[in-house]
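For clarity, chains are labelled A, B, C, D and E in written order, and residue numbers in each chain start from 1.
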Amino acid sequence: MLGSGILQGLAVTAKNFLGSYHDPARYTTVEYPEVKQQLPEAFRNFPFLVTENATDPMGTLRCVACQICEKECPPQCIFIEKSKDKKPDANGKLQIYPVVFAIDTSVCMSCQICVEVCPFDAIKMDQVYEIATTDRFDALLLNREQLAKPNEYFHQIHPTEAAEVDARLAADRKAAEEKAKAAAAAKAALPAKPAPAPVAKPAVVPPPTAPQSPGPAA
Amino acid sequence: MIATLPPAESWLERFPLLVRDWITGHLPESLGWLAVSLLAIVVILAAFGLLFAYLTLAERKILGRIQNRPGPNRTGWFGLLQPFADGIKAVTKEDVVPREADAVLHFLAPVLLVAMSLLGLAVIPFGRHLLAANLEAGVLYFFAAGAATELAVFMAGWASHNKYSLLAAMRALAQLISYELPLLLSVVPVVMLAGSLSTTHIVDAQGGWTFGWIPHWHVLTPWGFAGFVMFMIAALAESNRSPFDLPEAESELIAGHLTEYSGFKYALFFMAEYFGMCGLSAMAVTLFLGGWQAPCAFLEFIPSYVWFTAKLLTLLLGFIWIRATLPRLRMDQLTRLAWKFLVPLTLLNLANAAFWSLSAGWSGPMHWVRWAIALTVVVGPFLLLGRALTAGVAPRTYRYA
Amino acid sequence: METPEQIRDRLLARFPGAQVTVVVNGSPSAQHSLLVDAAHGREMAGFLRDDPVLKLDQCSNVTGVDWPEKEVVETRKTTVPDPAGGTPKIIEEKSKRIEPGCLEVVYHLFSVALRHGPVVLRMRTGNRTDAVTLPSLTPVWRSCEFQEREVFDLFGVKFDGHPDLRRILMWDAFKDHPMRKDYVEPDDYEWEPTPHGDVLAKAKKHFPAPAAPAAAPTPPTATA
Amino acid sequence: MNLTFALIAFLILASAVLAATRRDLIHSALLLVGNWLGVAFFYLWAGAEFVAFAQALVYVGAISMVVLFAVLLTRRMRTELPLLVATRDRVVSAVLGGAAVFGVLAVAVLRTPLDTNPAKPAGSVSMLSLGQQLMGPQAAAVLIVGVLLTVSLLGAVVLASSDADGKEGAP
Amino acid sequence: MQDLSPGGAHVRAVHDEFHGDLLEVSMGPHHPSTHGVFRMVVTLDGERIVKLKPVFGYLHRNHEKLGEGTSYLGSMPYTDRLDYLCSMTNNWAYAVAVEKLAGLTVPERAEYVRVILAELTRLLNHTCLAGFLMQDCGCSGTPLMYAFREREKILDLFESLSGSRMMCNYQRFGGCRVDPPADWLARAQTLVDGYTAFLDEFEALLTGNEIVMARTQGVGCMSAALAVSAGVTGPALRATGVAHDLRKVDGYGVYPRFNFRVPLGAHGDVYDRYMIRVLEMRESVGILQQALAGLPGGPIMNPAAKLRGFRPKAGEAYGRIEGPKGEIGFYLISDGSPNPWRYRVRPPSFINLTILEDMCLGHTVADAVIILGSVDIVLGEVDR
């Protein structure tokens, strides 16, 4: 019959009209400013630098300015300047630290490749999306101080990932201590040998190029 | 005006008359007719102005709800101030007139369109005593007032001096002219059966109920229902609404003949469209749905103007519902639908109404024969012409590799 | 599906005057290609399309490749027998040779009818400056029309026999061909807060004053 | 003379004069439509409602479209129409033609006895009597007009379709 | 065979017999129904289209020159920006090409996850296409809103897996970046189970609708020979009756393990292209059910694959998959350095537009809008 398709269509729209009053599946609007949508844990938007504790952010920065992320970032929006001197990091080893670590958030596309390639878990993805500013230049160029956020914040936004990272770091720290203890024990075991044997160079700063295989959670 | 007041009127029914007499009481007798007509004009403008305002809001909210979203709810409580916000926006927006545009025609088009669509409301009986102008040829007056809309649309399209507006003006004319015919032809049976061109007579002809609850509305007769459906289809086309909103089809010619309009003139065009829609729906209610007649005898206590408003609102919601569902017809399909489908069917409907009035006297078994004949004359040609119209068009089955 | 070698032999048999060589592909994908000379390009393409065994009726992909001049250092080792009967000495002569560059167009042909492919066809222009015309394969496969226009637009290869050879992506007034390796970007440098590498050089050229964005660099008020 | 009558007469005459003198064809066409509307008001004033609404419906609704389409399809619409040189014999023939037409009309108007009483004529004609009159003695005239209109409609359709056959390519 | 090129006899025949003065209308680049910045210079004789010149390049970012400037991994997030509706299939096509170039194998679980994500993207793209097409036909937003309601559910799945709704950057060479957790798979299962109900409601609204059928049947017909010769791929090709679906032809990934059918049209008009996509969605739901059921355990990433310092041997490779819009392929030439020597994208939308003029000749402006809508183009992929 000529009009049957049209009537069927009208029936569908009527069902949706009535459904929108009682069936939550047919009323999908989230009224943004009042009701904030619950973000999934894996949501990523703009990176941030992880610091061990909140009290002294610049002191306990995990980043060692190895500039891997600067090279690997597709739109080249990270700018790092190494420090001349060294400073002990979380587990006591002397590390270089970045004097300047600037990310231009007008260029960054939150693709999280920097997080993937960072061997020191120093940079992670944040979940901020309300960061509109009126200035085109300075406000979008986040320097080291604005980027640094404590590890607790990392646990807040990415709980599972943060737990895995901490577990892995703790395991590395324990392995580093055993190696140091073993080296100390070995040195103590042969004090009688004359000293002229050339002293093994102190543990050179682990070359940053040894990439850890990206853990399943990275 | 109305000679005598029927005695068994509830005071609610006569309430508008009391108000009118109270107001005209203050003025000297000689200015009486002027005061009454001015009052009628003010009431109609106020009522239909508010109806237009809240019709735009209702349209956006219903469209929203159908599309699983709330519709405007930010301005005022549940978005009730949205029409006034739109109004202020329309007024404050700059009214850009293109340099080569024909300023006189460019200005005159929306004004003419709104004036013509408002004029038509004068003859519609909103209630037992609510009638602005009781003309003997009320229906003819309504369509005479509506005839100038084509002129206004052409002026809008031509004055904008713009390629798109010119094309759209031509389309609009073709559409309005080809749908004027079925619109008028579907009204002729009603005038023939009611025996008069005056709207009050037509509404009175639909009074009374059989078995107390089946009203004598024209829509409940076979020819009346067919006439009503065709009148509504033609009304959709006349007011450029959903399946026929070709002139300002966004997907093709931007805003059609409205491209060069902005600010309040643009709002005027929409006001004219909505008044046209209200006018045609009001006429449909008067002609087919028994105007202000109550559907059943025991519901008579509810005042007549309430019934009229209820029917008018259901028709308008039908317009919005159709707009939310149906896609747009192409230009040639639209005119083919008018000339090859609606015009023949309305002519047949005329013959059917003639048979219906001649066979009024049949009673007993002949009563059912009369209904059977009338129904076949409605349904038969509809199916035949329908098959001819949708010759090459059918749902298809698909093979799989 | 035939191996590239078999196809080459049949092509040479079919078109005696043509040169067809197989270009070996080093990657494990082993998609070796047929280098065809420009003169007989279109006849061979027609043959590949109409041949009942191959029936390559879909040219899926047309790509332009730019091979600029390359300085090839060849070391030829010659063993000179020591007149005194000692161990023969190996003299290495390094000879520098400038390999002429060319613009290359690669066609990936597939058969929708027989469901096999890809047969990779390559054509090379004489050089990168003036002899840059190649026969257009649009009359053989209609899909080459837009893709050849793109190769013309971005690489500058002129296709004779193309029904409508115009620029497709860049605007008509654009002069150079951007995908060539020696393409010089227009100097429309805008201020970038974190310039480094070659962008840093450009930044220094335009805004000499601030050395490096130690502190957040204030954009220079004086426009460059 | 009655004020409204004078107003309506002025509207009709003004729009007619303006229509004749306007340079822009579309403006003159629209003024012509204004003229017809004036005539409709005149009928209303004279009390013949049916004729007034019929006039408005037919002239302002339909015939205005015919005029506008005719104006549109002439080629050089907006540019100045090339004014022919007002040679002497053209002017003379124009004046003579005009005078002849005016003379005939003037004689007709003066000879017919008009009831110039400004008051409304006795009782406006009721719709019912008009209908019976049309269907009764005047039925032949109505049928002839109907046949004439149908023939013209069919003629238009044949003309239009023959033009369409020229480039049949509709999907 | 009929000379089908634009200058050919068939097309010139239509040009020559027009008469009367022509009206040249430029639709786009800023036009509500050209799906992005795409412009058609249309020459009209009254209502009928006599000539149609597509104009591209408004969104041209020279994606391929960027690809030559960054490492292989660096280009992966840029592939999301090609066809920004289907980022998962773009990623997969690039990953397949690089894996073919470097000879990397992909673990079982990653292949299954790739199939699941590709079929979800196909559902998303075809639903959106049906919504946009009906929007061009004139429905005031209702089918589009229903389509977007379902699309949001799929995008929520992508967001909770890869971190971003549309710019997923999820595939790597030799596997995937993140292993989908159990609750994600459960949510995916509920979505797939509810999808056929949505499809039935969607078809009830549109497929039987007389106005939709009248507007789309017999409009923009494409012959099978012309389609194959013009390199048209995807649902538009299958609508002309040519059984060419890379999932069956190449049998890449683990598609041979699933049994699914490939719907074929007969007329190659707009209605067929719409119906083929709706039927393909039903097949995709079938594939998803089988893939979710048969998802094996094991690693998500090939341990041998190196993330940084990835230098494939000198050579070239052309990898292609059946994207929702057609055959999307990547042609890579490597010279042994970490950056590719030549990085070429085979864009299905761009090539499907080759015969837009042939389809639109003789139709009206309203049809041209629908024909363009049914070809399903996304300007990010057309202009690259």
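In this text, a contact is a pair of C-beta atoms (placed from the backbone, for glycine too) under 8 Å apart; a residue touches a chain by one contact, two chains touch by 3 or more.
These numbers were taken from a predicted model, which means no experiment stands behind them.
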item	value
Chains touching both chain A and chain E	B, C
Neighbouring chains shared between chain D and chain E, ordered by label	B
Comparison of C-E and A-B (more C-beta pairs in contact)	C-E
Longest centre-to-centre distance from chain D, chain (CA-based)	A
Per-chain CA centroid nearest to the all-protein CA mean	E
Distance from chain D to chain B - Cα centre to Cα centre, in angstrom	29
Gap in Å, rounded to a whole number, between the CA centres of chain D and chain C	76
Distance between chain centroids, defined by C-alpha means - chain B, chain C (Å)	67
Distance from chain E to chain B - Cα centre to Cα centre, in angstrom	45
Residues within chain A bordering two or more other chains	2, 6, 9, 12-13, 16, 28
Residue list for chain B, restricted to those that touch at least two other chains	66-69, 324-326, 332, 390
Residues of chain C touching at least two other chains	none
Touch list for chain E against partner chain C, complex	4-7, 56-57, 60, 62, 64-65, 100-103, 226, 228-233, 242, 244, 249, 312-320, 327, 329, 331, 333-334, 341-342, 344, 346, 350-351, 353-355, 383-384
Interfacial residue positions of chain C with respect to chain A in the complex	191-197, 199, 212-214, 216-219
Chain A residues within the chain E interface of the complex	2-6, 8-9, 11-13, 15-16, 28, 40-44, 68, 72, 74, 109-113, 116-117, 125, 209, 211, 213-214, 216
Residue ranges of chain E touching chain A (in the complex, touch as defined)	70-71, 73-78, 142, 146, 149, 152, 156, 159-164, 167, 169, 177-179, 201, 204-213, 300-301, 303, 306-309
Residue numbers on chain B that touch chain D, as the complex places them	102, 104-105, 135-137, 140-141, 143-145, 147-148, 150-151, 154-155, 158, 173, 177, 180, 196-198, 332
